[in-house]
Structures are given as C-alpha cells and as structure tokens.
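One chain, subunit A, appears in both complexes that follow, with subunit B as partner in the first and subunit C in the second.
Let's turn to the complex of A and B:
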C-alpha cells in the first residue's frame, strides 16, 4: 500500500536555531492510521507534526533535509488552543466550518454540504447556528476539528488537542478519532497524554531530543505505567518490563 | 465601546461599503473643511451617523474619552501659546486665533473618531468579508481589512483577562504615576507576547484552511446592495471631491 506520507531520514532545523529539532526521523503514515507521537517536552513531537502536515518548512521556515513524499494532497491541523484557530470573522459555527471549503472555491451548495457533513461527523449539528465565541472549550475544539475535516483532508494532525479541555471533553474528543480514521483520514496526534492516546492509537512513536527512539504497537510504546516509563527511559527495548501479556506475546512470536 | 455591536438599525442592515463610505467621507471631509462652523457641522453629522446606527451614546462617550487628551493639548498649544489678540477669561488670557484653531483641529479629531467608532460598531466584519469575497478581492487583503476592524475588541478582551490574572497575583494599579507606569510592564508584555504567539498558530490554522490558496473563494452570503446605496456612495465621493476642489481654490485665491 502506498503511504499517505513517508519521511525518510528527515532532519529539521527552525530558522535561527543552532540545533535541529528533528534528527534522522523515518516513518510512514497510511490511511486508517491513528498515529500517536509522544515524548518529553521539547522532544520534537509538535515539530514532527508540522513536518508531516507540510507546514515545516513551507510556512514556518527553517531547513529540512531528507525526503518527505507520499500521496497526501491536503492536511488539516488542530492546535491545543481552539480560540487561536478561529478566523474571528464568522458569526456562526456553520460559517466557521464552511470557511475552509469556501476557500477552495467550491460551489456554495457543495461548501454548505461539506460543512454539514463535518458537523455531523463531530456530532455537533446542534451548534451550527451558535456564535463560536460563546462556546465552551470542548465544543470549540470540536468545531475546529470539524472545520479541518470539512476540507476533506487526507491527514488530520492534532497537536495536544485536549490540553485546554476538561477530562470529559478530552475523552469525548479522543473517542472521535478512531471513527475519523475509519472514514479514510489518517490521524496523527502529538500528546503527552498517553492514557487517552493509547486507548485510540493504532501505532505509537516516541521521540527523545528530536530522535525517534521507539515505534510500534501502542501497548509496546505508549504504556503509561511507571515501570514502562522507567524501562523506556533506561533504553530497554519493548516489550519491557516483561509482564504476563507481554511474555505471552514474546513466546508466541 | 470599540468594535462591532450586533443590531438591526438601518446602518446594520446597510451594505458594509456604504457604512465605510460614510465614515470615509467624514474623515476626508474633516480635512477639507477649514472653518470652525463647518467642522462642527461635520461633528453633528458624525453624531447623526452614530444615532442612525443606534450607537450614539456609547460612541460619543468613547470618542470623548479618546479625544479629551488631544483637546487639552490643543488648547494649551494654541489657546495659551497662540498669537495675539487675546481673550481674557478670568485669570487666563487665551489667543482668539489659537482657540479658533484648536476648535477646528479638535472638532476634526472628534468627528473622525466618532465616525469611525460608529462604523466599527455597525459594519459587520463578516458581511464585509462576504462583500469583498463576492467582488473577487483576494483573501489576504480582505483579511487585513477585516482583522483591523476586529483587532481592538480582541486585544481589549485579552487585556482584561491579563489584568484580572495579574491582580490575582498581587499587581497593584493605584499609587503614584511612577508606580502606575511600572504596573504597565506586567500588562503590556503578556499582551504583546501572547498576541504574537497566537498569530503564529492562527497563520498555520488559516493556511491549513486554504486561506492562502490560489482559488477564488466562494461567497456564501454576500450582503444585499441596492441602487440607492450605490448612488449614495457615488454622491459622497462627488461631495468630497467638490469640498477639496473648493478648499484648494480658496487657498489659491
């Protein structure tokens, strides 16, 4: 299967930075993936998201070496703070969600239909006529995700999307991700919230100081138990620590 | 009050070009008119403009607050330090020509500020974006103009939040002018730095939603224009041109 996005030995340095934020990263993203990228603060997870989504270096500047290829034509992006992602010019949620498809110059009916589908997909059609500025953080983040989906992206990149949400809204947002992936959009989430991320991920990636140090099944690389975190920090290859299910898997292999 | 206030007045229902043309005519007219009487008639026209929009009281209050320091400065500069002859008012001897000059300059400032506050309060940024989109104006230019109309209310909202947060952390705003000046730092720095950080995210979010694309945007609900409004806009243009022609002619004479 052709990858939606493939990175081969990619390194990326921000403008004016002395050190690269990403070093020699290789990974592939396919339709249906829910890829979770994690690591300590400053490990490069957000930067990897920007590179995957094609914003670095095109929009943020800097220097990229290695190769980024794949069939993905359009990437949606969602950041932690939903209010920074609003246009600030739309009086209703419907207008806000329709902004993207309207920018593509599609006919009016197609734009409104795409906005309606995205609102349905995020289970928020009841918010369509509300003013974005009057929504809660959780509702607003769903509007932002709907706005990204209305564009029909091949890849949806979310940078710590639940950082500003209460636990209930965060759960609700993460619960939507597998359905979005099943509908054909690859989902990439950069987050330190391993508990929620491991629940929805199909694959996990761990970064450390810009280098990819682990990649694989969520149970192997996104285990948030203390023992697993210590084992990873000590550089023990998964599946360590060797609990019973991991032992069974290892013997079965 | 600075920023759009939803309403159903004739100005709210007017095409945004008409509202902006009226404010623009007040601006240009203020510099074309030279006598105190003419300038103060223009102030009355600006007040009538605000009254038609149902925002007279709020606009007038803000306009007076904004123009008061300029009035004081003008009266000190022209009234106290102006040329002879002088009018004696109690202990103060004011320059007659200086007072007339201050009245003209102060009237101009008040008319311009009042006109623009009324236009900001009654011209919906969304309607303006839709109107410009329907006319095929590139989104970059549209966004530049529309975000200029919305930036002040957003900054004010943010400033209030920062002020409350800093006061919770013990910031004291009272005391001597030096203490007040010192208190500005903890307010202005987060305001400016926060705004810059958010701009970064908004640029990426808008780019992801096709704002920088080459396609011509689809206008979803362009505001209604009418022959009457178009005639009004052209009439304003002719009146402003005539005022400048008259001004230059009288300058030569």
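Let's turn to the complex of A and C:
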C-alpha cells in the first residue's frame, strides 16, 4: 500500500529553538489507520502532528530535515484549543463548517451537503444555527472537528480532541474515529488519554524527548492504561490487556 | 498545616435571573477529602467560588473554620483557602514558572522556602526557569496547582485539577494531595472532578450536584460501584471499580493498589482465547 504520508529520518526545530523538537523520526501513515501518538508532556506528540499534516514548517516556520512524502493531498488539523481555530467570519455553526469546503471552490450544493454530513457525523445538527462564539468548549471542539471533516481530508490530525469534552462526549468523539478511518481517511491522534485512545487505535507511537521510542500494535506500545498498569503489577504476562474487558478475559476462573 | 471545617448552610446564588445554587447545605469536616461531581451547569464551579469568597451567597451562609466568608475579602481568604481554577491559564502571569509559584507565599509575607519542594513534587523542577506560557498546557495546570500548594493553605478548593493530565501527572497530583491530607488533621480538600480515576485515589466521599442542589452525598467506595448512579451523570466507574465489579472482588476496591493486591494470586491466561 502506498503511504498517504511517509516521514524518513525527519528532524524538526522550531524557529529560534536551541534543540530540535523531533529527532530522526521515521513513520508511515496509510488509509484506515487510527494512529495514536503519545509520550510524556513535551515529548513532541503535538509537533509530530504538525509535521505529519504539513503545518510544520510550512505554517509555523522552523527547520525540517529528512524527507516527508506521500500521496496525501489534504490534511485537516484540529488543535487542542478549539477557539483558536474559528474563522471569526461566520455567523452560524453551519457557515463555519461550510467555510472549508467553500474555500476549496466547490459548488454550493456540494458545500452544504459536506457541511451537513460533517454535522451529522459529530452529532451536532442541533447546533447548526447557533453562533460559534457562544458555544461551550465541548460544543466548539465538535464544531472544529466537523469543520475539518467537511473538507474531506486524506489525513485528519487531532491534538487531544477530547480535552474540552465531558466524559460522555469524549467517549462519543473517540467512538467516531474508526468509522472516519474506514471511510478512507487516516486519523492521527496525539493525546495523553490512553484510556480512550487505546480502545480505537490501530497502531501506536510513543515519543520520548522528540525521539520515536516505540511503534507498533496498541497492546505493545500503549500499555500505560489503568488496566494495563494494574495487570502488569499483578503479574499478568504480555501482551498486556489495555482495557477492563480484556483484563477480565485474561483472568482464569 | 491543620485543616478547617467548611460549612455551607442554605446557600443560594443567581447570575442575574439564572439561579445557579438553589439552597446548598453541606459540611466538610476538617481534614476531609471530598470530590464534587455533576453535569455541566450543575453549579459546581459556582459553589467553589462561594467557598473562596469570589462570589457571595444571595442567601445562606458559608464558613471556613471560624471565618464567615461573606465578611472576608478574597485576599484574606487566600491565607486559609487555596483555589486552583478550572482554566489554569487564568492564574499564571509571572515571567518564570518559579516566580509564579513563589508569588502566592510572597504576597502572604511568607518565605518562598516551600517552592522548590512543591516544584519537585509536581515534576516542574526542569521547567522552573521557563516562562509559564512556554511550557505545555498540562504542565501549566500543574504550575497553577503548585502556586496554590506553595501557599500552604489549610483548605484546598480545586476545580478539575487533573483535566488534560496524563497518568503519571495525575499520580503526582494524587501523591502531593495525599501528603497534605496525611497526619492527625490534614488539609481539607474539595475537588470538582470528572476524572473518576482521580476521585478514586484522592477522595473518600463524593458529593453529587444537579440543578444547583446537592443530589447525593455518598462514600466514594459506594458511589464508584454504583454503575447506574454514575451513568445518570454521564460517567463510568473508574477502571479499578470496573475490575472489582467484573471479578466480584471483595471489599469494593477503588485504589489501584487494592486491586493489584486482590489480583496478585490470580492465574493469568497467556491470551484472551
């Protein structure tokens, strides 16, 4: 399978920074992936999203070495702070979500259809006529994800997408990701929330101080969930169960 | 530092015509660790603001120890009650992490002697000389909490202290709070939280708010095993309680170490099948 995005030995340094934020990272992203990027705070997970999506260095500046290639035409990015991402131009949520596809020059019917579909996918048709500036953080986060999806991206990069959501809405957002991936978009999520991410991941990547230190099946690399930590401490042999149902199945009774 | 009793009697509060608190009666004993949960808009944050003197009740009374909160200015309250905002960026302003954390004790006329220890506890020593806005979001949350802990208040009021933190950071917060709760009469804590893994480790009692009222007030060990009551709040039991329920573990364990102890003699299958 041709990679949507392939990074080979990529290092990236922010403008004015003394040290690189990413060092020698090689990684491929394919359609259908739900790739979860994790690591301690500051390890470079958000930066890796920006590089995968082509925002760094194109938008944020800085210096990239190594190569970034692949067939992806369009990458949508959703930042951790949704209010930084509103256009500020749109009186309603529907317009906000339609802004992306409209700016691609698509016909009006196609734009409205794409916006409507994205609102449905995020389960927020009821917000369509609201003013974006008046929404709660959780509502806004779903609006910006819908806006990114409406553009039909090849790659959807989400930076801690549930940070502003209450637990139920957070579960609902993560539950959407496999379907988005199956429809042909590669999904990349950077998050410390392994409990939710491990449930939907097809692959995981762990960063430490800007270096990719582990990459592989979720059970092998995302093993810092509550269930996995308890199972390890209680003597369970690998592969560790990542969630409670998996842990319970491993207990011989 | 000894804790103080928090007593809320018949407290009401409205934002204009919007009633946020419709008569709250709640006593939290000196040295007690309590979590406050409930859906968005239940009045949790409003209640915390009453406790620290940022809002005054339109009716009823709020006392912290022998202080009537309505008769104290927020700066006076800060000597007794430490408050960590839900959006921690609202309380960061100094040029470095270290000076931000030292600001509180300095304002109280105390030495900044506690600052290095608090930075160490929360894993912030390595970023002490950075600008607060140059550290990642979750770490800013810890910086704001460090600033509160450095003031050594006898009451801690924390609004979503672990939101956005990873597991290791959450454990640091739990450990830092546990140290202050320990001892004969430790610090009194009230923490608003959706993070039931944190609640399980940090609180013995959980108060549930709904529509501006106290809807339930139960031991954590009981509520965290009540799947239906949690579902009504849009919450799921923490992993520890889920494991306890699924395997029928005795004693309703909610702390990770209790569950590990209960599972130590387990025979594990190599694979699930």
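Basically, the second predicted complex is superposed on the first by the 224 of 253 C-alpha atoms of A that agree within 3 Å, B and C clash if a C-alpha of one lies under 4 Å from a C-alpha of the other, contacts with A are read in each partner's own complex, and residues count from 1 in each chain.
Assume contacts are C-beta pairs under 8 Å (C-beta built on N, C-alpha and C of every residue); 3 or more make two chains touch, one makes a residue touch a chain.
Just so it is clear, the model here is predicted, and its values are computed rather than measured.
Asks: Which holds for A:136: it touches subunit B only (first), subunit C only (second), both, or neither?
Replies: second
Asks: For A:124, select first, second, both or neither according to whether it touches subunit B, subunit C, the two together, or no partner.
Replies: After superposing on A, A:124 lies clear of both subunit B and subunit C.
Asks: Once the structures are superposed on A, label A:200 by its partner contacts, choosing first (subunit B), second (subunit C), both or neither.
Replies: A:200 contacts neither subunit B nor subunit C.
Asks: Contact-wise, after the overlay, does A:244 reach subunit B, subunit C, both or neither (first, second, both, neither)?
Replies: A:244: touches subunit C, not subunit B.
Asks: For A:48, using the defined touch cut-off, is the partner it touches subunit B, subunit C, both, or neither? Pick first, second, both or neither.
Replies: neither
Asks: Tell me which partner A:5 touches in the superposition: subunit B (first), subunit C (second), both or neither.
Replies: A:5: touches no partner chain.
Asks: Touching A:167 in the superposition: subunit B (first), subunit C (second), both, neither?
Replies: After superposition on chain A, A:167 lies in contact with subunit C alone.
Asks: Residue overlap on subunit A between the subunit B contact set and the subunit C contact set?
Replies: Residues 81, which sit in both footprints.
Asks: Given the complex with subunit A, which residues does subunit B contribute to the contact?
Replies: Result: residues 124-126, 129, 133, 139, 143, 146-147, 150, 154, 198, 200-211, 213, 215-220 of subunit B touch subunit A.
Asks: Would you mind writing out the residues of subunit C in touch with subunit A in their complex?
Replies: Residues of subunit C touching subunit A: 39-40, 135-139, 163-169, 194, 197, 234-236, 238-240, 242-243, 246-247, 256, 259-260, 263-264, 266-272.
Asks: Could you please specify the touching residues of subunit A with respect to subunit C in the complex?
Replies: Its residues touching subunit C are 38, 40-42, 46, 80-81, 136, 138, 160, 163, 166-168, 171, 192-195, 224-227, 229-231, 233-237, 239, 241, 243-252.
Asks: Spell out the residues on subunit A that touch subunit B in their complex, using ranges where they run on.
Replies: Where subunit A meets subunit B, its residues are 50, 53, 55, 59-60, 75-77, 79, 81, 84-85, 87-91, 95, 98-108, 111-112, 144, 147-148, 151.
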